[in-house]
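Both complexes below contain subunit A, partnered by subunit B and then by subunit C.
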Partner chain A sequence: MSEHEITFENVSKFYGDVLGVNRVNLSIPPGITSLVGPNGSGKTTLMNLMTGLLRPTEGRIRVLGVAPDQPERLFQFTGYCMQFDSFPRGMTGYQFIYSYLRLHGKPHEEVESLTWSAIERVKLTDAAHRKIAGYSKGMRQRIKLAQAIAHAPRVLVLDEPLNGLDPLVRAETIALFRSLAEEGLHVIISSHILHEVDAISDQVVLLSSGYVVAEGQIHGVRTEVEEHPMQILIRCTRPSALASRIFELDTVVEARLHNDGKGLLVRTRDPDRFYLMLNRLVVDGVDLESVAPADDDVLSVYEYLIGPDGGSI
Partner chain B sequence: MNRASWNLWRAQVAAILRLEIKKNFLARRGIWIYLLALAPAVLMWVHAAMNLRDHRVCDLGRDNLIFATMFQFFYLRLAVFFGCVGVFLNLFRGEMLEKSLHYYLLTPVRREVLLAGKYLAGVITTSVIFSAGTALTLAAILIHVPRATASQYLFAGGGVGHIVAYLGTTILACIGYGGVFLLMGFLFRNPVIPAALVLIWESANPFLPALLKKLSVIFYLQSLSPISVPAQGDFAFLAILGEPAPAYLAVTGLLLVACVCLWFAARKVRQLEINYGTE
Partner chain C sequence: MAVYKRSYHGYAGPLTPEWSRFAIIPRYAYQRLFKSKVMTVFFVICLVSPLVFLSLIYVANSFGSIAKMFGATGVRSPITIDGEFFQIFLGVQSFLAFILTCFVGPGLVSTDLSNRALTLYLSRPFSRAEYVLGKMSVLLILLSSITWVPGLVLFSVQSALAGTGWLLHNLWIAWAIFSGAWIWILVIALLALALSAWVKWRIAAGALLLGLFFVAAAFGHALNAVLDVRWGGLINLSILFNAVWNDLFRTQQKAEISASSAWIMLALICAACLWLLNKKLRAIEVVR
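On to the complex of A and B.
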């Protein structure tokens, strides 16, 4: 199993007396996994641990079966785009990717081909021979991304990869992540932008103060947050009439009219049963337009588990 | 170690050299290293130019002695020493400060191979710069000597041997000090401290007991210098060498010092963590 997953077994990392992460047990399957948490929650520490840039104080990490302290094996199939906006001096975008690809020991022709392929994938062909120092923030972010994907990795670790990208490029980059995940890659992303995390993630890992607060598919994580009943938005005509019937259900803990008066917000501890019962409750003269969870997303889960003031988000 | 691994490491070291040598030679912060390396050459060329202008005949013996003194007491002890501080301490530490070391550590290169590649790049850079400085200084001496005297010195008076010995000693100095400062770069965050400590240790060499003398780079380098500086004048106290090591032992000793430093540095690089926030 661990040959196909990234596993953390009881991993702790301390910087002297300061806690980085504590007793982390994780198993990350292929697809897009987002690490979510406030500043200092341990997202970057986890990424640095799985790429061997940090060593765990305790515990064991395996990336597709390989220990991170074996870079000669790990980085054959792993790419990491760090958050730091720094580059070796004086290099053009092309030189930057080409030079570090040569460290894989591949011949010039193959490296040249891989370099151009990566540059084209992030749409920087025209700027390839310009110095990176003259790039915009978004271009620097993209050339870092190109460097991380240039050797066609199976594991791609991206620390705040959407920082500095304008909306159009951001959308293109997210589409790139999706296509990489569909190719079977493990794409691990940390991001502060929760609605984007929500849109692209197959699973999330919520971190707070060095601890993993929750992990898994977002719906599963939301279901486990029992102290906050699920909120469901029902768009309908005559919402007050529907509200009076809904209160007959024992699974409903709250029902209130939506601010615009055209719907009903219901809180229930058993959403599956509620959906089953809903059709029977609909009274004459009430037309249902839509029924959808209102807080089955990363933002809500984040607020419930970590709190709205959990950092700079 | 099989043939495939060896070929891979060779290709990786070559790739590291391509990156590092260009960076080392063209670094703006390294201009002072060129100045240090060329300072004796500039002095000697001015001296030669003045002699030529005034039609004075050069005293080859005296100029050789001046060069030997300058080579032992300025070039090896200060110029090559601080040049190696500037290059080798920054091989890893400099990139940590610039937050760009991770690009190396995120490639499929064994950390020891990375260390070897960077060290080799440092040795090549410093050897080229300081050997060029040595060669230019020697050229300045020979340029204003009558051709017959120069030929006599070079081919019958051991001149070629002297030149080879000076260049060889310069390269060995880069190898020895390079190893020491590469290791110091892992042990200390502030380069001033290790540089000062090693400088004090190397300067105290003439006064150390025989056994401790052998734990320094300058002991072996002075043993290799082709012309010994007489123990008189301002530098007399530095010239007291005691019993110099034979050449084969001096070369072996220097290489051994470098190897021991590299072995410890390899252990450190294996444990190296990237935590730019604390740098």
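On to the complex of A and C.
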């Protein structure tokens, strides 16, 4: 059992007859891990299980070696930002962070300093003494995030943290997640916005109907999806000339000209061999500009494994 | 694979003891409660009757001297300071405590549940038991300050005025004040929290608490009258407490039900409240 990872061992959660998650085996290292899946796939259940807010029907969970049913130990190093807004009436942003931080047992001076540090980190210093009821959706999302990071946790569990943020704040928040991950934190995020998941995640966990469909670094997951040959986009001059040579490779199953006429889309079952052989195939007068995977992202993997209609994407 | 700097260093200083964390809840609750002028005025009114009873104790102990001032001699005080005197005091204060509970109790848990704020508490180093203890202590401390605390102050004053002989002979009254008040406080605090958790709506919870006392009492009387029985008193909280207090204060008042059945019924009510709290106070509400 690792004291540096979050582990799920054969974990199932049933709500009566309704399946939450089933036989989940996971090991989450430090860095940003995104839980991806359609509505009802079990993302929030998985987060609630790892924070001990729900107890598993079966199986064992350890968060950095600590069982989630010990809140006194677990939440000293874990921060949780839930999906829903829940703010006690009449509280200011500062009071919201400060009062809940006191439950950690730290002295007033430390709590005050941590509160301001969290508020500054989410850039809400000017609004700290305003009532949360008057905050915009984005500000509420940020103050929720501040309460999750305020006690300097080592594990951060964030349920849909990017919802309601405008593009600028979204970019700043993603940068914050990245900096937290670089400090060695486990940042676990659930999100519906796949291109952002792709941009920020060190690894992804794909969920569907309560089952883990795939997990790991997205490139590794993509390589495992053998029934869908890898798509590679070759940007070059004279793509039709290259296309005529490309079928000499037995690993290529499809080649077609890109819509803009300035490239070639190739499907291959063995991308590594394809890259090795490509130089030999390049004919005179064809200049290669770039060669890059075209479906080596979360969106493509999601579509291949879960299907394009799998939720509100 | 990213290479992480592992630069995180958390707080390593001393923490307050875990057992004392629940006290944060009443501290904030009182700050909020006493912002209300109505609440503050009512709390002060609750402390008026102890002053009245204090005056009565003084009069009872100094009756001879007072009578002598008016030229009367050999007159005995019409006020007797005994178990019944303190039971009347506890009865008055308990009624005020009940009104105070109807103000304060229903909003303690229902607002957290309706705002989904329970997750905020329970995603801290804080357990459900500590949450219930914290919320209950808001009522326990507040109601103690107007029931057994002034009761024991009155008892001490009486002991000081009447002498050690009286104190030694009536020490059991101090226990009766303390335990009689605690039973009352515990039952109505649990009822207030359980109803608050059950209906999740402050106004409805307050109405239900009042209803439980008055409607259940009327129903109990109706049962007794229609069926010609006495056990209707078992659903009448006033009768239950009177039976228990009569037992504790050794008064000879006629009770509809026996003290033992009243004790059992109160224990059952407490158990039902705890069961309801355990069922309703969950970090995540699972809707099936």
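Here is the rule we go by: the second predicted complex is superposed on the first by the 312 of 313 C-alpha atoms of A that agree within 3 Å, B and C clash if a C-alpha of one lies under 4 Å from a C-alpha of the other, contacts with A are read in each partner's own complex, and residues count from 1 in each chain.
Please note the rule applied: a contact is a pair of C-beta atoms (placed from the backbone, for glycine too) under 8 Å apart; a residue touches a chain by one contact, two chains touch by 3 or more.
Not measured: the values here are computed from a predicted model.
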| said: For the combined arrangement obtained by superposing on subunit A, do subunit B and subunit C clash, or do they fit? | reply: clash
| query | First (subunit B), second (subunit C), both or neither: which does A:Ala152 touch? | reply | second
| task | Classify the contacts of A:Ser27 with the two partner chains as first (subunit B alone), second (subunit C alone), both, or neither. | result | neither
| For A:Gly184, is the partner it touches subunit B (first), subunit C (second), both, or none of the two (neither)? | second
| said: If we overlay the two complexes on their shared chain A, which of subunit B and subunit C does A:Arg55 touch? Say first, second, both or neither. | reply: first
| Of subunit B and subunit C, which one contacts the greater number of residues in subunit A? | C
| request: Quick one: classify A:Asn10 as touching subunit B (first), subunit C (second), both or neither. | output: neither
| task | Give one of first, second, both or neither to describe whether A:Ser136 is in contact with subunit B, with subunit C, with both, or with none. | result | neither
| message | I'd like to know which partner A:Ser86 touches here: subunit B for first, subunit C for second, both or neither. | response | both
| field | On subunit A, positions contacted by subunit B and by subunit C | value | 15, 48, 51, 53-54, 71-76, 78-80, 82, 84, 86-90, 99-100, 102-105, 147
| said: For the complex, give me every residue of subunit A touching subunit C. | reply: 15-16, 18, 30-31, 48, 51, 53-54, 71-80, 82, 84, 86-90, 99-100, 102-107, 110, 114, 147, 151-154, 181-185, 202, 217
| Along subunit A, where are the residues that touch subunit B in the complex? | 15, 48, 51-55, 69, 71-76, 78-80, 82, 84, 86-90, 99-100, 102-105, 147
| remark: Contacts from subunit C onto subunit A in the complex sit at residues 1-2, 4-8, 10-11, 13-18, 21, 24, 28, 32, 111-112, 115-117, 119-127, 283-284, 286, 288
| Which subunit B residues qualify as touching subunit A in the complex? | 7-8, 11-12, 15-16, 18-19, 23, 26-27, 95, 98-100, 102-111, 270-271, 273-276, 278
